[in-house]
Amino acid sequence: MKPELEPTIQALTKTFNSQVNEFRGDVRVTILAESIVAAAQMLRDEFDFSLLSTMTAVDFWPEENPRFEVIYLFTSVSKILNLSVLVQVPGINPSLPTITGIFKNAVWREREVWDMFGIKFEGHPDLRRILMPADWEGHPLRKDYPLGYEEPQFTFNFEEIDLRKPYAKE
Amino acid sequence: MTQLQEVSVDDIKHLVSERAIQGETVLLNMGPQHPSTHGVLRLLLELDGETVVSCIPDIGFLHTGIEKNMESKTYAKAAVMTDRLDYLNTLGNNLAYSMAVEKLIELDVPDRAQSIRVILAELQRIASHLIWLGTTGLDVAAMSTFLYCFRERESILDIFELCSGQRMMTTYIRPGGIWRDVPVEFEAAVRAFIKMFPKRVDEYEALLSRNPLFLDRTFGIGAVSSEQALNFGMTGPPLRASGVKWDLRKARPYSGYEQYDFEVPTRTEGDVYARYIVRIEELRQSVKIIEQALNKMPLGPVRSSNHKFVPPPRSEIGVNMEALIHHFKLWTEGFSAPKCAVYNAVESPRGELGVYIVSDGGPKPYRIHWRTPSFDNLLALPFMAKGVLVADLVAIIGSVDIVLGDVDR
Amino acid sequence: MLLEYTAIAIFIIVAIAIGFIAIGLGTIFGPRKKSGIKSMPYESGMDPIGPGTRRLPVRFYLIAVLFILFDIEVIFFLPWAIVFRQLGWFGLIEMFIFIIILLVGYFYAWKKGALEWE
Amino acid sequence: MGVEQKLANMGAVTTTLETVVNWSRTRAMWPLLFGLACCAIEMMAAEGAHYDMSRFGMELMRPSPRQSDLMIVAGRVSRKMAPVLRRLYDQMPEPKWVIAMGDCASCGGVFNNYAVVAGVDEIVPVDIYIAGCPPRPEALIHGIMTLYDKVNHNKIKDQA
């Protein structure tokens, strides 16, 4: 744990009840879903975490209640610090407040998390699918979404795959 | 004559201004197949004559689900997929992924492998910048730079082929070091390249830097201030061109970068010309790094000897029973990582390339997220493109240097 | 006298013939297959939005007129350049006056801002 | 249809006509500028000065499908790109050919998941498959040579 990170962690744990754990030098603070906007605002203004490096989600599928875990990774360019903030999100109609007001690059990151995991973001300017085609149903990066593995065509199973492969007519 | 399939304006009504709905401004698709979008990027442009009123990027045309695919492969086999992410910076992807896995399982890397990794990463940075320079030259009607840049890139690809047998998708940097030692001719080839290359960069500068046509097309266009750049999440040359001195090789040195002295070129204007100057300067700095790394390259093993995670060399398998067991376990089931999450970032030619691995204790990564720089650099395009001529928009897309494999993953 | 004209006539005939042969072979031997999508306007692979023909801003027209103006001026140089020797000083001065008149027009357009895009 | 379909079986006349027509088609076959992913970089390297694909009549990579005869699908085709690819193929004038460059275009390659079309032959009829990930520029030029052989041997009768 870098010494400069101490005041930030104290401030975070004081204002929002949060657990802090550290692994291999990365500090991770877990806070509640409602307070993410305030935390982001505080981190950017008071502690100069001016760059939202990335924002993504992880799907712990069999567990139902906190099924998703959304990770915000903040970087402070001036103090060369990294801090990741975790938010637990339930599985049934998951939703989170948006932080696009604070960080502009959250606009696309949140659209990607919506597209890949189906987590809604209230207040997002235009929450559309970003990577998948617009009429795609299902959210691919969820654990219960099939990989879409098709059996590759080798010599031994060439004929039967050839029959059902939809070749393009002229 | 079948009826013209027209996409009516009202299903994108919430994105464009109302002048488009009345039909005053033209809605044009600078679509997935376009010579100057550097890949399959679709820009829905709202044009008033030649000036761009608003530009709405639509990405995903090269989304290949690499993150989902990697979840079904073991750590060693997932390394092969990392090359296909940012296909101009294949060794940089390998480096980011290998260092993340090494951080996850606390694997040591011998010094010789560290310096070879630095040499290859810097050579890959030069090759990537050369493609950027060639294609941006093409976009701004300087046709000859394309041929010069690809001539130099061929000599870099010969070096990659020399040590790994493949030109682009080498997967040469793997968790625990590099795949095998570089051949004897490697050092001579790299020295020859370093001796020849600075003169070639002066050739490019002579072609473009003080060329009035190039200056008219690039000066003062698409300027981004440093606060806006940080707020958009831009990293790499576009951020350094806006005046923020943020380079991961200096900020958080990895793989031995702290031993080499090189400057991080920055400018303050943040426009297309500033990004051009920053990248041209980075070409020279990379040559300096390669030279120092080559001089400091120690002898010794190139891959960690911890055979729980790294497959033993083939010579040992026939002789040593334990090595055979390690080899068999690693290549069938793979090593299992502790249950935790790790983030590791590397400076790619486009910016901060980070890998976030969540592991559940099994041999396969539970979730891999790639923080790719082009995804955020592209986000600033609509802001830069407001009120700009279409020809300048082409120069701006070139200057941001996006790679669609990086954006769509 | 007649000989020169026959030379020019042959030249013109051969030029036209080559043009027709090149295009004719293509239309005769080339397979053609009409289809709805093929006749649709190409917009880098996507569906065109809105009607194709619409009102264009006036600046395009302005640029077009200026181009035609100065292009015709260049065409007038060609016959002058051929008989340049025979005309001698008279031709030179005549052509300078012609150029100066057009330069006046050019500066007028420049100062009025017709060349600026905005 | 062209006149050659009408006088299809006139022995010597059609064979010499055939060779002339096929010869003319292989001398300046302009590819469609359609680079998708990594194979596009190798295609650019093949177009560059070192391998110089323009020695084989491919001087110009035409961005618009109206002026191109050959579509080189260089890279992985995602589900979102498939309709665009089919539209571009339809908008190319006859006679047209398709080269599937690289494993991802030929059979989905490394990516066997929901997002990638496993092989471009599900969308457009492919003439030549080039293996390699990415195939070397020499492999691309070898593919073009095989395409020229194919074009030189195609009969006028079976031209739809």
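Which chain is which? They are A, B, C and D, in the order written, and residues in each are numbered from 1.
In the analysis below, a residue touches a chain if its C-beta (ideal position, glycine included) is under 8 Å from a C-beta of that chain, and two chains touch if they have at least 3 such contacts.
Quick caveat, the model's predicted, so the values are computed rather than measured.
Participant: Chains shared as neighbours by chain B and chain D?
Facilitator: Chains touching both chain B and chain D: A, C.
Participant: So which chain ends up closest to the centre of the protein, judged by Cα positions averaged per chain?
Facilitator: Ranked by how close its C-alpha centre lies to the overall one, first comes B.
Participant: Any chance you could check whether B-C or A-D wins on number of contacting C-beta pairs?
Facilitator: So, comparing the two chain pairs, more contacts are at B-C.
Participant: Of all the other chains, whose mean CA position lies farthest from chain B?
Facilitator: C
Participant: Would you kindly tell me how far, in whole Å, the mean C-alpha position of chain C lies from that of chain B?
Facilitator: Measuring from centre to centre gives 45 Å for this pair.
Participant: So what's the Cα centroid distance for chain A and chain D, whole Å?
Facilitator: A distance of 41 Å separates the two centres.
Participant: Would you kindly tell me how far, in whole Å, the mean C-alpha position of chain D lies from that of chain C?
Facilitator: Measuring from centre to centre gives 35 Å for this pair.
Participant: So, what's the distance in Å between the C-alpha centres of chain C and chain A?
Facilitator: 57
Participant: Could you list which residues of chain D touch at least two other chains?
Facilitator: 80, 84, 88, 112-115, 160
Participant: If a residue has to touch 2 or more other chains to count, which residues of chain C qualify?
Facilitator: Where chain C meets two or more other chains at a single residue, that happens at 40, 45-46.
Participant: Residues of chain B touching 2+ other chains?
Facilitator: 31-34, 60, 63, 65, 68-69, 408
Participant: Report the topology of the inter-chain touch graph, choosing from line, ring, star, complete and other.
Facilitator: It is other, because the touches fit no line, ring, star or complete pattern.
Participant: Which chains touch which?
Facilitator: A-B, A-D, B-C, B-D, C-D
Participant: Could you list, by residue number, the parts of chain B that touch chain D in their complex?
Facilitator: Answer in residue numbers: 31-35, 39-40, 60-66, 68-69, 80-81, 84, 87-88, 131, 134, 146-147, 150-151, 153-154, 157, 167-169, 404-405, 408.
Participant: For chain D, which residues count as touching chain A in their complex?
Facilitator: Interface residues on the chain D side: 79-80, 86, 107-108, 112-115, 118-119, 121-125, 160.
Participant: Any idea which chain A residues touch chain D in the complex?
Facilitator: 132-133, 136, 140, 145-150, 152-153, 165-170
Participant: Which part of chain D faces chain C closely enough to touch in the complex?
Facilitator: Against chain C, chain D makes touches at 1-4, 17, 21, 24, 64-66, 84-85, 87-88, 90-91, 93-95, 159-160.
Participant: In their shared complex, at which residues does chain C touch chain D?
Facilitator: Where chain C meets chain D, its residues are 25, 28-33, 35, 37-38, 40, 42, 45-46.
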